[in-house]
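Structure record follows, encoded as structure tokens.
Labels A, B, C, D and E are assigned to the chains in the order they are written; within every chain, residues are numbered from 1.
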Amino acid sequence: MSKRVHEILSWYAGDNPGTLTNLARLLDHGRLAGTGKLVILPVDQGFEHGPARSFAGNPAGYDPRYHFQLAIDAGCNGYAVPLILKLNNHDTLVDEKDPISAQTGSVKDALRLGCVAIGYTIYPGSAQCREMYQQLRDLSEEAKAAGLAVVVWSYPRGSALSKEGETAIDIVAYAAQIAAQLGAHLIKVKLPSAHLEQAAAKKAYESAKVPIATLADRVRHVVQSAFDGRRIVIFSGGAKEDDQTFFNDVRAIRDGGGFGSIIGRNSFQRPKADALKFLETVMKLYAGEMP
Amino acid sequence: MSKRVHEILSWYAGDNPGTLTNLARLLDHGRLAGTGKLVILPVDQGFEHGPARSFAGNPAGYDPRYHFQLAIDAGCNGYAVPLILKLNNHDTLVDEKDPISAQTGSVKDALRLGCVAIGYTIYPGSAQCREMYQQLRDLSEEAKAAGLAVVVWSYPRGSALSKEGETAIDIVAYAAQIAAQLGAHLIKVKLPSAHLEQAAAKKAYESAKVPIATLADRVRHVVQSAFDGRRIVIFSGGAKEDDQTFFNDVRAIRDGGGFGSIIGRNSFQRPKADALKFLETVMKLYAGEMP
Amino acid sequence: MSKRVHEILSWYAGDNPGTLTNLARLLDHGRLAGTGKLVILPVDQGFEHGPARSFAGNPAGYDPRYHFQLAIDAGCNGYAVPLILKLNNHDTLVDEKDPISAQTGSVKDALRLGCVAIGYTIYPGSAQCREMYQQLRDLSEEAKAAGLAVVVWSYPRGSALSKEGETAIDIVAYAAQIAAQLGAHLIKVKLPSAHLEQAAAKKAYESAKVPIATLADRVRHVVQSAFDGRRIVIFSGGAKEDDQTFFNDVRAIRDGGGFGSIIGRNSFQRPKADALKFLETVMKLYAGEMP
Amino acid sequence: MSKRVHEILSWYAGDNPGTLTNLARLLDHGRLAGTGKLVILPVDQGFEHGPARSFAGNPAGYDPRYHFQLAIDAGCNGYAVPLILKLNNHDTLVDEKDPISAQTGSVKDALRLGCVAIGYTIYPGSAQCREMYQQLRDLSEEAKAAGLAVVVWSYPRGSALSKEGETAIDIVAYAAQIAAQLGAHLIKVKLPSAHLEQAAAKKAYESAKVPIATLADRVRHVVQSAFDGRRIVIFSGGAKEDDQTFFNDVRAIRDGGGFGSIIGRNSFQRPKADALKFLETVMKLYAGEMP
Amino acid sequence: MSKRVHEILSWYAGDNPGTLTNLARLLDHGRLAGTGKLVILPVDQGFEHGPARSFAGNPAGYDPRYHFQLAIDAGCNGYAVPLILKLNNHDTLVDEKDPISAQTGSVKDALRLGCVAIGYTIYPGSAQCREMYQQLRDLSEEAKAAGLAVVVWSYPRGSALSKEGETAIDIVAYAAQIAAQLGAHLIKVKLPSAHLEQAAAKKAYESAKVPIATLADRVRHVVQSAFDGRRIVIFSGGAKEDDQTFFNDVRAIRDGGGFGSIIGRNSFQRPKADALKFLETVMKLYAGEMP
């Protein structure tokens, strides 16, 4: 185990040896093993966005085994062997103002399937956040007792927030803080904009002159908001966009002290050869082999 | 153990030896050990108010370990060694008229972490109070059976109350009474104003000529409302304000027979040296070493 | 054990010996032991009406121990040694049209505290009555299996009733019947007025010429409505009023075959010497030592 | 409650109010109420020794109700109202070298039947002691949580002991200590002889010159062995013998600081009038009304 | 994953993915990764034989961490990262004819500690085998549901067997069969002698001319007895002996189709440098790098 992985594990000293073992399995696997960085390939898009929106562009993706093979071939971690079982999911057939995902898996399932972690999405800002927080708490307690790690997707949404506010820097930082306090080992947030949503927060940012001008600044602030950088914070890339933009975002995550990316549609919605080349560049950026 | 601590413990004779031991740990720790007074440093503001509003002014506070060190250096009790695990939390992303906090921790967590007590917030006056009271009851029964003490934040809020009513003397006294009857060992309330919210109560106060003119009077009445002074009642200081005002509040708490303060933003939102000096003054006031 | 207590216990032949033992403890205690009559002192007013409205008039009442001593000195039953743990409570901070109390205690608490019975309030007429009836049923089943007796406060309230209807004779009789069928061993109702709330009931009362003119008539009818007098029905006195009126009410309860009174604010809101004299008169009336 | 009962209850400060209430019920009942002394009539002989050996001499004893009436008429405590449910029993059809009783009742039974305590027999010295100790521990935990007291019959027996050793002073004192450490509130042992069974113990008794010459000396030593006299220790009378011998044994128990007797065959194997006279003498001796 | 590991996993097709993952972790780790062979270092000797008998010869072994480091340095599998938690243990303070181990760990412990498998010892031939088989069954069911693998030590012992019979070829083969049928994924047996214990078995072996002359023959027969070679069978080395003898045993295990060794006292009872050289030879033999 590398020094960096040792250092990261030291932040989770209150966890039991089983959970630390599984965190180590996650961090010591694949192309980025030992760097403390992660690239995670999610495969819940079929449920989240519907099959055609997810897979019609590259029909190989309809087959769940394709995603496993893509991850193995690309040398990702968080996928091939070290699996994360997402315990809740949301579909887009119903579009509530105050969303809440349905629990679709259990800690027992995660153990039965040999996973290293459970995953769970919360929507801070939803009127139903209380129910999600409590369900996450219960599942976390059970997962941790069984030696699993806990990965939280913290995506602000709900009637309390404007559309722009969902990725506002104050809100994304707040979402990272909430996930950390709810006991997440890994936290996934969206890349933040420079917008400030809450009036009281705006005042605090301005009076303390918190630097939020560049994306790297904002990543740094979000990571700081998760126990002063002592939690693994990963950023999701969102919808398909121009590759150079995506690589620049990865550079900002890296330079701001972020721990990696979760890359869904940007990887599996293109032909496999393309995807492997694309992921190779991302890994090189995180491994510090490219400027 | 001092005579005063013995006397305080005698009020909880129905509790089991484990709970009494943990109450004694809380009362016999730090600078104020044995005086029967407490100063408690809370660290849930990141969740309650967002990270930047809480920590940007003194960025050392982003690191959870800072707060532990501050408490140890200041000689507080209720913090450094004797931990209270807050089992529910509320964020400000959603601002409901009738609030209810999410359960974010469990009695098992508190035991696993070696805490002396659980903490729980109720909002008397919220239309959701019934659910909170029952959840508190269930958690209290479990906590007490495991020898933990129970600390209740009793903060009136909800559509049944005016903004001014949230700190009205009749309402704060009522909130203390409810917490006591729900089985709290320690009760935290806000400092009450001289306002009287409920018409029926106003009549009772006026006909019985209950003295509520000074803050010390009001503190005395709130303490009396918690089983005639036989429950530990602590007062929270609220937002950052002028230090002399704060110290005068502490004097009133002390002179009115209150048991101490919970001091959050007033301590960790200033540089550490400042905070230590500030807390030193508070402790001296409670220890009776300053007029 | 007196013949009368034997006779009363014979009405509960389906209950287990533990429950009968605890009913006997309730009936064979204090000044009225063996008479089959009870005077019960409740101490939940602080929660139900707020501390100042309850105790400011006689501040000794802020101390819970005062109420125990008052009961012991007055020779009440249902209080000093034989305790009833009220398992639900309601406060007046929120004033819903369709009230429901919060569960604030458990059968385990009652056993742990050495109580002889649990108490529970239902509000027949509230839109939430179904939930209360089911919770009462569950708690009763558990309490009876553990040998405890069950005391039900049956207080009609809710959007289905007029204010006057809450104490209407047809409604109070109905509430007593519901409590009896829900398995109460002791039933507490308010003293009924001659008002008839429900049109269909009014017709029945008038065509059958049910005597409801005097208070004793109405008490008799309520007792009859609880399994033809084979359940212990107690009447609550309500707010502070003129003593002679109160004594006349007690006479009516006695003459109508009621089993006793529950006396809260009328006892503890006056100086202790006064209260003892007042309760002495009540006991004499029930013991048949005064006309 | 007498001062002596208050003093005895103070030894059990770690117990909950329900258990203290039931101990008080045991100590505050019948002819010896308030003296801190008890006479208990057991009715398990039919099971333990067979019906004819138990009841043929006084056939009225075949009817379980006879024993209740005998106890009520004699003014015993531990019987009439305050019942102890014996949760395990042993018969003499099988005579194992290393005995263990069968569990024949439960804590739920004790609650259902309105008992104040559970009873349980252990055989220290049996190869099966581990199983008995564990079962007692489990039942005690459950009983105490439900507010019941725990009475332990501690009768040394088994292949590790000689016949004479079963009542040797070192062994009986050891048995009392084990029962106290296993959590008994009341401990029943047999009257000890001056024999010393274990070589290592013999050396200790002789070098420390522990007085064991008279029966009162030995009773005093056994009581001392149960937390230095801070547990209620009762002695069983054994088989039918001469009345004067029995009364002298009672004098020795009383003078040695023992808390009373459990009297089975000596009471119910004689005609009722005789038995009442016999028990009257025992009570007078314990009440200090006879020398 | 190598073809051989794929082939081995195919024998366990009825198991869930989690168990297969953990078997793969066991087989794909360390110096022998992918070969299908295992060398396992056990550390339960302190409990099984007493500390001095186990560690006095090489006192470094008193420290549990020594064994971990030895395994990591030697490149063993079954030890360093992939841990097996032994759930039962036996001491030699009581030396029963018909042994049974005490359960000293749980499946929850194994999960909490991040283990890949549970271990359990059965003593076929003990009069208490029924109890062991049932406990193993229950623990296996729980472990497999949680995705853990099950390792069974199957050591014939008990009043039904002669001392020589404990390692007789018919008995060891029988023990392997029993472990396989009880659901073991890995089976540990002792190296068998050519002795035939049971008369009926002797007849069968002789009439069928089962080859049992050489150790390799006998290993082959034992492996065959475990579902015709479709279970992983490991052999334990027993007490300290001459190294060349030990290596020849390893050659026989390898040539007979055995899957590896469990090496306790032969590794940790010698200085570390020695032990590493010794284990290096064992690994080379299993890897086929030495004749």
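Going forward, a residue touches a chain if its C-beta (ideal position, glycine included) is under 8 Å from a C-beta of that chain, and two chains touch if they have at least 3 such contacts.
What you see is a predicted model; the values in this text were computed from it and never measured.
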With one step meaning two chains touch, work out the least steps from chain C to chain E. 3
Pick the pair from A-E, B-C or C-D whose contact list overlaps the A-B contact list by over half. B-C
Same-residue or different-residue interface between chain B and chain C, half as cut-off: different
Averaging C-alpha coordinates per chain, one finds the centres of chain A and chain E separated by a number of Å equal to 42
Report the inter-centroid distance (CA atoms only) between chain A and chain C in whole Å. 59
Between chain B and chain D, centroid-to-centroid distance (C-alpha), Å: 50
Residues of chain C that contact two or more other chains, please. 108, 113
Got a list of which chains touch which? A-B, A-E, B-C, B-D, C-D
Listed in rising order, the residues of chain B that touch chain D in the complex are 14, 16-17, 145
The residues of chain D that touch chain C in their complex are 16-22, 81, 108, 111-115, 145-147
For the complex, which residues does chain C have touching chain B? 44, 46-47, 49-53, 56-57, 59, 62-64, 66, 89, 91-96, 100-106, 108-109, 113
So in the complex, the part of chain B that touches chain C is made up of which residues? 14, 124-127, 129-131, 133-134, 137, 141, 156, 158, 160-161, 170-171, 173-174, 176-178, 180-182, 198, 200-201, 204-205, 207-208, 210, 221, 224-225, 227-230
